[in-house]
Structures are given as structure tokens and as C-alpha cells.
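Since the structure comes first, as C-alpha cells, the remarks are kept for the end.
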């Protein structure tokens, strides 16, 4: 299989040229557009890494699934979904329109920014630091990597350029759709997006989702089966911004992308996958990441449909 | 298992009181709101029917998956998706807004009315009658039921009250997103929605999808595996109008509902399911149908996620 | 004054190069983009014509004020405004979005296509021909020109390419916002837009509005003062598509433009003005027409504000 | 005339019962819903006051015309309109949708909140205090009332409940449509809305607009004729939120309303009018204010159309 994955990566290297590295903050712009990495963690414990699988990058929107899982564990399913919907939307990730036009000013789903800000706000903690500690520890547990931390420079840049997210948050606040101190919630949100991870980290996190909440490496149950199922469902219907529908057809297993260039994928009862390639297509998804996952799905028949 | 399904139906009978029969056309309004039926067709050939599984009702939006499959067979995947998208949308099934606001005036997906009108228009045939014959024959083949036909009264009512669909079609026509004679296309579309089916018919059609395009009762290959996969994907992301996301979480297998009260569900590599209960919830989906499928998914662990 | 108007026209001739003739129907595309004409009809009876003021062109959207006045005379103010609003909108003239998004599916105002289709539908007549005769006679009376008639070629082209208007009409019909036979209403609407007029015709019609409904040439009262006032108000707030606000600032007197290249302007208690120059700016208004009216307003201090 | 205005007020007292006092901040909610006042200041210097014309109330949205005039004086017409449009919109005053949907993220006009925040930001001053001083002095000059000041309690409440305005401002900031420090701009904006005025103050300010920028009581020229004209135009097309079109038909002279219950009206070359009646109709305009102005316009033939 190591060979298979090496070929897979080589076959798709050219797609790193079909996209552009995100530039809205300097830290993202610094990334080498030709980087490409892939890591597989099967739930039987076998694992494969090829290319730049040890390169660290910021997790960005992929953190939305971590904060969702923690919020669900903290508050229960019903409670969380009284604040955020579960419907996919064809609008872009930072749209404010759909918040205004619907009578109920509830974000469509936890995978768009407005919804993710809401789920982040629901994570328990006596203060912002405690909330961050809890999220970091949760992420370290799922990735089996105690060194995971945030990138201070990225966090500061996110905060400096976060006016669109501020608009979303204050808009929700004005309708009482968001509870608590807006600036504190956003501060935590910007930190969450700035966590540094590798392909290997993502593959291990994804393998826990694939394994219904049990760490494959110890057998310890850390998330409920139900929460894993809900998370994988939302990844499938809304995980790749407004390209989620196309991706479901092409690839067909639960995945979440981030503008840092990562895609985290979970093939139920089989494996976790982490891909990294920071050159993004026009929808904001890793171009070579999608092409690797697409070829892999087809060759190994991994679509859940 | 016959017992299991009988209990399932009885457990959910009360949900027929939680909805209302569609009334926009007289034929739908005549239905008994307390009707409830369920049919299971496993790909190993075993089958179970309980309740009103032999009652005929109009297929309505469930026909969207049949016209999609036939259009894909007729034109190829790439060609069809040059005319219609594959993205779910949180807007309602007959929204015209999303057609206008996007630069590309392409319907979001083939499960909303605008998209289904487009896929219908792509079905091959020298004239409207030939197109209808081809769709009827395709449906008869998949359901193993040569007597399937349209309900003339429903078709006439649909045609008389179809102004919203006319608006959608002329809107697309004005942007050249729809090719051909609008009135002929709509006439065919109204006929397609008026096909009469039973739970049993739906279960058998769904079992072919579950079986990757092979008729379980003869072993004959009638649809490509790829087209089956695409259809099941779109059913999952967009099959229950703007409740598709919630349904994916609650039930978690490919399904398509219609305002006639039917839901057609395909559990990949396992079974086809047809439910019928014409009392609809406020999103236009069969209330008792959803509750039966939800209990069934939970008890038999059928979610694909 | 003849000199003044000749200079005015010459000063603005270059603006005919700043626009493009409408091309969506062949009859419009045939027009000479360098044509430019101006006619003034003062309510004291003095009149001035310069340039191509005798060239015939199709009235297009300017007919919206004629059908509005006739509908108001036929049905009363309250009745008409129960079917159509009076609010300006920043959306374009053929937008369908604002019809869908508001709870009440009533067009914003009678100067956008949806609203004009509604006012046309309210004109009295036992059949389409009688309605057309009444509108033609009304227009002939106001312009003191018995030879006004429709351009058959333009009408046929409008009808052939009128799918966007069909979409608007069927959309309103589906909400019962439009009464009667859609195809007949549209047929009349396309004919109304195809009336042939000259700058002189427009200036005389506008002078009647300026004169509170009294024909300046005979003293005959033909429209109520109230209806004239309402019409001039709507021309001011919504008469130049989504450039109405800019035009009110620059020019500041009631005007209505059409894609045929005409602008009809009424300076209350002073004069009627007709301009013609078929090269349109990017908002669909006559480029040289606006520049002539702008200079004229400034030099003669004609703004009502 | 004193008698005429007394009768006018009495005729319309009952309309104070057709509305509700704004309650979103405590200071507004404290107002007596039955208060009603009217002040007329003719440009010939004659003046009339009836009812509660000396009662102070917060200026709220009426301040939008003051900040617009000052911004225009400070920056020039072209410069200001490069940041904000001049088109009326049928959307409500605090809509964020129209900011997102248009390619150019420029507020529609200076009479909606987004646009007014932009014009406020353009007022010159080395710091927020200096900007406020300049606006207060400008307002004192136009109203001939040196005691005009802000209501601290209202300002604090506005600030506490201003999340919707924060959303608008950060949204514009994220597109660089708004320059400067958002919190400082909003702080100034909340203060501007909290100025305390009377009917008399408003009538005198309006008389300066009616008199093309010359103080009727001294003959001093304080605003350019051009800026007065632009301001009156925008008051006519956008001055009463999404009831501006209806009001233009019913009343027909430039006016601006505020949720504090005031309406400031300027009849060009004739008079300034201030009305106060804090019970608001469902569009947020003073119910009795509109009815007084409507009767006055009809009886004195004041419509400019």
C-alpha cells in the first residue's frame, strides 16, 4: 500500500499548480504552493505517510468539526441544534444574507462561519483561556499528539482581519442568536482556527470519527457514536463550502476542508485520511487534496453511496 | 422480520395526525390522511409489506430521480451537469431567487423544481409522447411493474395550477439555461409527476439503486454503477427539500420524498424501502414516513455515516 | 430660446458615443446610434424642436406611465395600489427576486416590469383589442397625434424574446397577484411597448402632466390633477430604472426613460420635454438624453427640489 | 393661520392612537404616546407653533441629513458619493442584504443606516470629540439654538443595543467601504442620533433647506445651494424608510423621519416644518406626523409634483 499512496501523490502533484495559496493573511501567504502531503490511518492501526505529511499548517475551518463535537458533548444534541441548523446551503461560507432573510435568524449549519461561531460560543469554560485549554486538550487526545498548539502570528493576523466575522457575530448578537461577549467569543474563534496540525494529526482525528468515537490506538471511547455520526453527516453535506455537493459526488466520504490547505476525511469503519496542499481552487478548497481523494475513492471504492 | 415491520408501522401510526394532506390540487386532497404503508425489498430477494402498501398514489417529486437517471444515461454525466448543478441549497424547492442571484443561471441541483425541469428536458425522444413512453418504460423496468401509468386527473390539475413552474421555466429559458419548447417541456414534466405508484413499486426501484444498477430479481444490469452512485448522493444531500440536512442526521440513507406522500429510500448494498403516508409536515415531507424511517435506521443501524 | 436648445443639443452630441443601442431585438438594433433629438412644449403653447425630433422610435418603458394613468382613471387610485406598490427599489427593472422575498407578492411599483404588467392588466376593455384601442386613443389624445400606432415588427420581436416577462407574469399569477389570462395580458403589454412616437409626441404628453391634466392646446381637462401628481411622483422616484436616485439629484424633475432611447420629462407647471438618443448607458438609459436634461436643468434651474 | 394649524393638529390627534412608541431603548419608551406638536417656520420669517412644539425628543435618523450636509461641505459632492450611493431601496433601513448582494459593497444611500454611518465617518475632525463639536455647532447654527446637545442616557442605551449597527459597520469595514476605527465611528454615530431637538428646532433647520442654504433670520449663507438641493432630493426619495414612495405620493415634499417621533419637512422656497408625535406606525414613522403633513399638503397644495 505504501507504493499505492506514493503513486497517488505523484499522480496528483500537478494539481498544486491549479490553485493559489490563500493570501488574506501573511502567514498563509508564506506557504509553499507546491507542498503536498498525505497520511492514512486505518482503524486496524496500520498507517501510511507520503510527501510533506509532517509539515505543520493552520487548521482553519477544519476546527469547525472539533468545536462542534466538543459543543455537542458539552450541551447535548438538542440544545446545540436549537442554536444552529443542520441544512446545507449553496451560499458561500461567510454569507450574511441567509441570516437576514430567514425569519429565524439561526445559522444554516455549523460548517459555515456564522454557525461555527455559535458552536464555539457553546463550549463550556469559566473563561476564554479555559475554553481554549479544553479545545486544545480535546484535539490533542483525538490526534494522540500532546504538542498541538496555536500559531500566535496567525491568530493575531486573523484577529486583525476578522471584520467579516465580527459583522456575522454582531448580527447574530442583535437577534439574540448568539449569547455572551462577542469580542471574547471571536477571540476564541480566531485562536481555534490558528491551531497548527499535520496530515498525520488529521488522519488520526479522522480515524476516531471512522471508529465511532473509539481511539483505535488504545480502544478508549472518547466521543459518543451518535455525535460521531452527526459530525460525519454534516461533513458530507456541508464540509467543502459551496463545493460540498460536487465533492460528495466525486469523492463520497465525510470530509472537511480549510483554507490552510488541509482536508480531513473519515471513511466510516475504515480509515482516517489527512491531505495537505495549500494551493486552493476558486472555491477555497485544496486543489491537489481533492484530486488525491477523488482518485483514492475511485480506486479503492470508498464512496459511502 | 415481518413482525418487526408491523410493529414499526404501528409505532408510527400516530404521526399521520401530525401532518396535513397536500391540497393544492384536488386529486391530492382526496387522499385519506390516515393511510400508512411500508414495503421493504432486500437485494437478496426477500420482501415485506405492511399496511397500505398496495395503495396507489402519485409519485410527484420522487420522479425527479427517475428523470435524472434517464437523462444521465441519455446524455452522459458531464453533459447533464453542464446544465444543472449538484449543490444542495437551503432554499425551498420552488425558489426562483437562487436562479437570479447567481451569475450563472444554472439551477442548484436536479432535486429542486428548476433543476428537475432541466433534466426532464434532456431526456431523449423525437416528441413529447416518445419521451413519456421512454420514462414510463424505464420506471416499469425498475419497478418490475408493467402496469405503471399516469393519472390523467392529476396531470390536468398539475397543468392547471403549474404557474410557478411556468415562471421557473420561462426564467431559465430567458437565460438560455433551458433548451426547447417550454410548454412541451412542462407538459412532460407535469405528466412525469403524475405517475401512479405503490410502496412496493418504490421499494423495488430503490433496491436497484441499492444494488448498483442490477435488477435483484433477474440479475440484469440496467443502470451504470456510476449513475446509481450519483443519484444516491444527490438523494442524500438534497432529497427531502429544505429538511434534507435534518433527515441525513436523523435517518442517514439516500431518500427522495414527494408531496403525494411517498418516500423512496435506498440503503446501499442492502435494501430498497418505500413508505407512504400522505399527511405532510410543514416542509412538505410525509410525517409518518420520516418517523418510520428514523426508527428503522436507528434500530437496524442503517445510517451510512 | 431656439438658439439655446440648438446649442444644448450640440453640446451633448458627443454623449451619443458614450452608449450603445439596445440589441435584444432586431428592430432596436437597427437604430442609428448617433441620432439625437429634443422637443420642448411649454404649457403656454410655445414649442421648440431640434435635431431628430421627428424620428419615430418605440416608446418601450415610457408606456408604463400611460398604462398607469389609464388604469388609475379606470379603477381608482386605491384599487390600483392594492395590486401594485409605490416604493422605489434599487433592484433592476426585471428583477424577480423582490417578488419572491417579500411576504406580500406585490410588485414594488408600476415603473418596473412586474408592476407595469399588473397596471396593464387593470385597463378596462372587453377584449385585448378593445384595451389596445383605448390605450392608443388615450395616447393619441395626450399627444394630439391621431396617427400614433404600434410597430408590428417590434411587437413580434418583443413577443418572441419576452421569456423574462413571461416568468414575471406567471410568478405573479401563481400568487394571484395577477388576474386574468397571462398570455393575453402579455400580448397587450408587448403591443403597448411597441407604440411608435417622436420627441414631439412625448413633449406634448409630458406637457399635459405638467399642466395638471389639462391639454394646453385646447384647455380640455383629460386626466385628474391627482392622477397627474401621482404619476409625476412615481416618475421622480422610479422613472430611470436603478439610476432614478442619481437622476433625481442631477436633473430633478419627473421623467421616464425607455430602451428605445426616449426620455419623457415633465417640469410641473412649466413644460413637457421629449428627448431621443438611442445609445444607452449601462443602466439602460439614453446617455445623451440624460446629459441634455442635466445641462438644461442646471442652466434653466428646473429642479423641483 | 394660527387657527388653521390648531385645527390641523386637532384633526389629527386621534392618529396618535394608531401607533406605538419605540421601545428598543428605555429613553424612547418613556415618551407619552399622546404627545403631538407642530411648528412652521416660513422663509419670510413668520412662524407658528401648536401643541407640544417645545417638547424635547431625540433626533435619531433625522440627524442623517445633518451629517450628510456636513460631510458634503467637508469633502465635496463627488468624493462623498464615491463612498455611498444615491439610489432609493425598498429594503428596510437596517438591511445588510443589499450590502452583500451587489458587487460593489457601497450602501444604497445616505438615509439608510449603513450609508449614514459612512457619511458620519467622513465628517472632518482630529478626534471624535472635535467631530461631535463640529456637528453640534452646525446643528445649533441651522436651528438658531445654541443650547442643542446630546442626551447622555439615550446615547448610552443606543451604544448598548447597537449590535445591528456594529454588524453593518464591520461588514463595510471588511470590504474597505468604511475607513477608520469602527468603534470610534459608531460612538460618534450613536451620539449624533441622541441630539435633543424640538419641533421648532426642526422647522428652522428645514427652513434653511427651503431657502437654499440661507438663514432666513439673518440672511447669512451657511450651506451651498447645491448641497441643499441634493439633501432635499434624497429626503424625497428615501426619507421615510420603506414608506418613502407612499409618502411622496401622499405628501410630496422633502421630509426625514426619526424613531424618536419627529419629522422634519422642507417645502422648497416656502417653509420649514417640524412635527412631533412619538407613536410610530409599523414602518417606524410618526403616525400623527404623517397624517398632519398629508392634510397640510392637500389643503395648502404643497406637493412639489
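We just call them A, B, C and D in the order they show up, numbering each chain from 1.
Definition applied: a contact is a pair of C-beta atoms (placed from the backbone, for glycine too) under 8 Å apart; a residue touches a chain by one contact, two chains touch by 3 or more.
This is a predicted model, so every value here is computed, not measured.
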Most distant chain from chain A by Cα centroid: C
Inter-centroid spacing, chain D versus chain A (mean Cα positions, whole Å): 47
Between chain D and chain C, distance of the C-alpha-averaged centres to the nearest whole Å: 32
Centroid distance [mean C-alpha coordinates] between chain C and chain A, Å: 55
Residues of chain C whose C-beta touches two or more other chains: 101
Every chain pair meeting the contact rule: A-B, A-D, B-C, C-D
Interface residues, chain A side, partner chain D - complex: 95-97, 100-101, 163-164, 166-171, 173-174, 182
Chain A partner contacts - residues on chain B that touch it in the complex: 85-91, 98, 108-109, 229-230, 232-234, 236-238, 242-246, 248-249, 252, 254, 268, 303-305
